[in-house]
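Alright, structures below, take your time with them.
Presented sequentially are two complexes of chain A, the first with chain B as partner and the second with chain C.
Moving on to the complex of A and B:
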């Protein structure tokens, strides 16, 4: 492919096969990729290295030129040419991030155009190049101190490539880090809210016979996001811990305590053979504080964490345990003293903000405690009971009213005729959950249903992989359960064979 | 659909429109990258510091769009948007934030809402100078804030003195203290009861069903869903 017309011809040929069978399309794409690689290594594409109009975007007059490639139909050719132009510029300028690649400059605009429009099927064949472009865009935005510019782009590109986002990739980690830097917390929620079920390439060792080609429709994105696809850099458990820790921090910034807890627990529960990592300890410290914010007490350890690991956490994060224990005593003076005593610890751990929020939540949790004892009491009496409330009854009432209005405390205020000191606070007898609106219940059920469906599909896939895995087969050999009678021990082939009769008294009838 | 260019005319057009809050938010959020590019920084050598007036208009408008947008949350609408609005204020270029009076007003407003200082919220919305282009949005938020506060007060108080209720809604508290009938009627029009003997208002709880993307097909469908699991 030594000329623009050859590129245009191969592009037209590819588009012709887009509507044909998957196998034909697959063959054409692979041929194109091989041909472009060969042309690059033989410098046959050098004619396009400095042609600014070739990938022009936005110009109406140029747009209709046949040699203008469109990422929506020519994702592969466009990407190769774009990378070639970037590499040429890098070589001429001797810089990894030349000025033209920085936001709002020529090459940046082309990268943006590409990431907004690329064909998600075609890039499955050029994962390595696609990921390099994503990383370059992220670096350019950060170099310009504008990480926000890359967040939306990368998030949309990820969802375009894999709407399920169920396979963990290095782009997940890159994006969450960028969003934290840019303080664009809501931007990453569409990705964070999805369930990660796989690492790339777990099933790659045993591709099923007659597996569909890359460009075909796949039930799971695991079929095309593999170790060799290049769509993700090599990953380890440390990357996964970081992702969940940063994700937890995003939820913390949005004050979504429950989601934050869940993410932090995932970090704390990552299996480890050696000592726990600093990331895990960091997650534990934040988890203790989130527990205080959400429930007002030190929560019991999650069941998925081994007791010995939990003890290690407790011994390392002693100031946090002391803080939680003092918080539970509902003594404001002691709590203030505890916070002051370990101020350096909170600061060193970057948890000062969370600790300040814990202190702010003291009144809420004090009121919740009082609620379990009293059905009603006056604001004056309440001020005497709760050290954090102002002594002035008007001010105290204002604080209580704001807590009720914010939904933090479930109660009502009642003014009595004549004198302001007689304002009553009443706690409802009904359990708050009984007051949930029908639509809220329905919404929750629908969310749970979606989650279960997503997980069920992935569990089936994982089950199948485990059944075919070396470890499982070795285990079956060792446990002597393997015999020559031809019994099938496949985990997923027929799940019903492991069913237990629910009616255990059935045989007595 | 292609988004119109990021120009002062376009932003003004969006801000003064009566578009529903979610639409307003959606449109303005799509311009944030353009605003980010236009603001001063090494990444925008061509645009330099951009057009500060236009950027301030954009960020102020987007800030109000955050405050107006409803989200699914257990918290009242007034408060649930706070973390996101706060994140936006952290993304606004520092030079703009520190020098533009309307952005300063936005920051003060955010603080007042977070601290539940209702009187201060009304003082900021009504008393501080806002650019003409923003006045429509400010007025819109004032009305929204009043409505949401009325709902919150109606479920937080079983009985309330008129002056306190008037304070929450930004009405004349001194007149309310003297049982001003115009003010009392504003509450009774909402279904509240006025007892002249006790001189107390008895709110009738206003409950707003949560918005849901699914059609409200009732408990039967919910139970059917349970049955499938």
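Moving on to the complex of A and C:
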């Protein structure tokens, strides 16, 4: 066993089974994992620990060596050997992050090669090792102050493992934190744009009878991302709220207000048994500011936030609510006073940047109000109508010009020769060319319907889970909806599915 | 005397009508009004004119004093004399006739005692009809002497002794009279409803219908629901004539009904329900200028219509029922006129609008359609209130109506609702999943680090309650 040829043989055997039935494939993979674990603990693999040529990437001379494993087919063996090498290096150098692991060194290249190519099915069986590798890569990139190198890699690896990304894992949190460090905001969008609907650990408590094996095709990635799979570290409510908050911050940095407020609302609406966490309050503060930026007013909160929680938000985030109320009054001087008065609050909450943007957006929002009344007016008349522009006409004109150029206001400035009253500001009628509009509508429609489909699938899954959950069965007992005579499980399950379906979506209309 | 009328300054920007010449509408008001109005409202109307109009104060108050002296209400007499003494201390009537006052007071007291005594006698005899009449006499007496609270009480005591529907109807009408004079319009309304529900014979009900509708219309007008009021007034039958003159005259019905209809109905409704209404035509014939104004409005000739109303503004400001509502009614009529005027236009010059709706602005201001002219400010206010769906183009001096593309609007709306539905659905799914995975925030989170989710087996009773709440 303890030779490279034995490993090659077992991997060839595995590849042979890859095309066979998934049950057989599953058994073979499990066998391989156990045997690898055994050889690892018995130090039978030590021969490979220091062989730098093993697992080598790209060098053409070694390409034809039979023992050169390919992550796409031998993800498990490759991962074990890679980990073995890293561990050996860690032990010899007495460092957690040996120099060889840092970006552009030997081991880093191997990690990159692996993460780009690994076989997503096989990795399901070695979740712990896979996650450790991801974490190591992240740490190495950070240690070299190059977090950006890891972001793309981890994102691709996540999408490779679980294209739907609907199950929350600790890797999500790791990635979003890394992206914030690296300021690589657009990089994480493919992950953020997927809707997280599940959390590991739900279904493994109630393994469905006759469920397909791990390597089979699953409807939901929840089947292989569980607490025991190791693909995610154990999670707490704090991880969850942090992820959504960080995600919201990424969108904020990209000025995607509506997505940002959705993420912040997710944090605000996290259910609680009573206490309110500071993360939720932070989210609320940012949410108020985003609302001002997006719509120019204080929006009503999502209906599912419990009133007592909302009261806590309001009492803690008082300066923000004052700011919003002043904003709605459309009085620049009072807004400035309000912002100045609570300047230390903004900087303590790290929201100074957002508040500055709120101030900038004030002119835009008041111009929108003007636009609904006037089709055209001179700049002088405009500054009489709104307090948000400088008194000086030339200054006001340049402010308006910059707003038009930035695209936040659709209007045109017209200089007329001989018109003594100065520059004319003209707002075009509200509608863009219909051709362009139709295309936009189509695009949006496609996006929303994709979302809807994804959500509908998740609802189906959740219904199933909740229908099987012990709380629900307990509830059914209590509410006596449980058919007292019939203990036929399947009938009850069907009923519950129907009930739950109504409840989750029922009160939206 | 440029501002002869104090009320004329109340929000009216139009030139005061030619009052001094004596041919104005007001000259007609004072002379016919006391002829047509009976009862206590006659004094009230005179007194109101005396207090609000400076030009007619002396005449009106003199008539008021005479009116009060012909009755038995000492309070009213004193009030009128005081008011007259302020305006014209030199007049002969401005001196209080104390002999008359004490004389009347004595006789009133005697009469009250006598009636109370008689009522007690009837009560001892337990004859229902006598008790009812005793209460009625007492109520009438209190009403005449100005003790309205006591009058209302006496009338309401009649209720238990009414034996026929006719009695009930007459009692309720007396209650309406008292309530109307007290300004208790809610009381008027409730009594009107009682009248409607009373079990009178159909022919009696038919006879009372005009009076009921007139009272209802009045109370609705005072409650600022002009559309309902218009409907009530318009339904009043011409058989009302002078039968209800202690509250309203047919002329009043025409004016109130016409103004309320103008303020609340569109052109088709005005044509159909007012001008082509055979029974209301009789009323309109009494006040032809209202008829003319409505006809002008229906033919989209807004300037003459508004001119007529402006000419009569002072007149209506002296009306006891209309006084409070004139500014509101006039603003509503004007707003509606502007709105109707804009219907056929996709763009219209501000100048042509100002010529119709603000002729005095044209002459008076340097830039009649500039931003600061009151007319443009009025338009801005209307646009902001959402009455007008237009925008102002100050460069070309145009009012441009907003073109709405229904297709785009529907598309945008649909997409917005879709995306908000998606968002909320996601929020709810996440919440359900969080609860199910046991990841909700608990007290212990404050002290401990991140919890491990597979502690789900240790969840407290609250976890069960929440999950139950979600699915149940």
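Keep in mind that, in the parts below, the second predicted complex is superposed on the first by the 437 of 509 C-alpha atoms of A that agree within 3 Å, B and C clash if a C-alpha of one lies under 4 Å from a C-alpha of the other, contacts with A are read in each partner's own complex, and residues count from 1 in each chain.
In this section, contacts are C-beta pairs under 8 Å (C-beta built on N, C-alpha and C of every residue); 3 or more make two chains touch, one makes a residue touch a chain.
These numbers come from a predicted model, not from an experiment.
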Task: chain B versus chain C as contact partner of A:200, first or second or both or neither - done: second
Open item on the list: For A:458 in the superposed arrangement: first (chain B), second (chain C), both or neither?
Closed with: second
Task: Touch count on chain A, higher of chain B and chain C - done: C
Task: Contacts of A:441 with chain B and chain C, given as first, second, both or neither - done: both
- [ ] Scan A:265 for contacts with chain B and chain C and give back first, second, both or neither.
- [x] second
- [ ] Using the superposition on chain A described above, determine whether A:378 touches chain B (first), chain C (second), both, or neither.
- [x] second
Task: Which of chain B and chain C A:413 touches, first, second, both or neither - done: first
Open item on the list: By the touch definition at the top of the document, which applies to A:402: first (chain B), second (chain C), both, or neither?
Closed with: first
Open item on the list: By the touch definition at the top of the document, which applies to A:152: first (chain B), second (chain C), both, or neither?
Closed with: first
TODO: May I ask you to decide whether A:227 touches chain B, chain C, both, or neither, giving the answer as first, second, both or neither?
DONE: second
TODO: State which residues of chain A lie in both footprints, the one left by chain B and the one left by chain C.
DONE: 414, 426, 437, 441, 445, 452
Task: chain C - residues contacting chain A, complex - done: 371-372, 380, 383-384, 391-396, 398, 400, 402-403, 405, 408, 411, 415, 418-419, 421-437, 439-443, 445-446, 449-454, 456, 460, 462-464, 466-468, 470-472
TODO: Name, in rising order, each residue of chain A that touches chain C in their complex.
DONE: 195-202, 205, 227, 234-241, 258, 262, 265-266, 269-277, 280, 302-304, 371-378, 381, 384-385, 414, 424, 426-427, 429-431, 434, 437, 441, 444-445, 448, 451-452, 455, 458-459, 462, 465-466, 469, 471-472, 474-475, 478-479, 499-500, 503-505, 508
Task: Contact footprint of chain A on chain B as seen in their complex - done: 32-33, 36-37, 41-47, 72, 74-76, 79, 83-84, 87, 90-91, 115-116, 149, 152-153, 155-161, 164, 197-200, 207, 209-210, 212, 214, 216, 218-219, 221-222, 225-226, 228-229
Task: Residues of chain A touching chain B in the complex - done: 99, 102-105, 141, 143-146, 148-149, 152-153, 182-186, 253-255, 398, 401-402, 404-407, 412-417, 420, 426, 437-443, 445-446, 449, 452
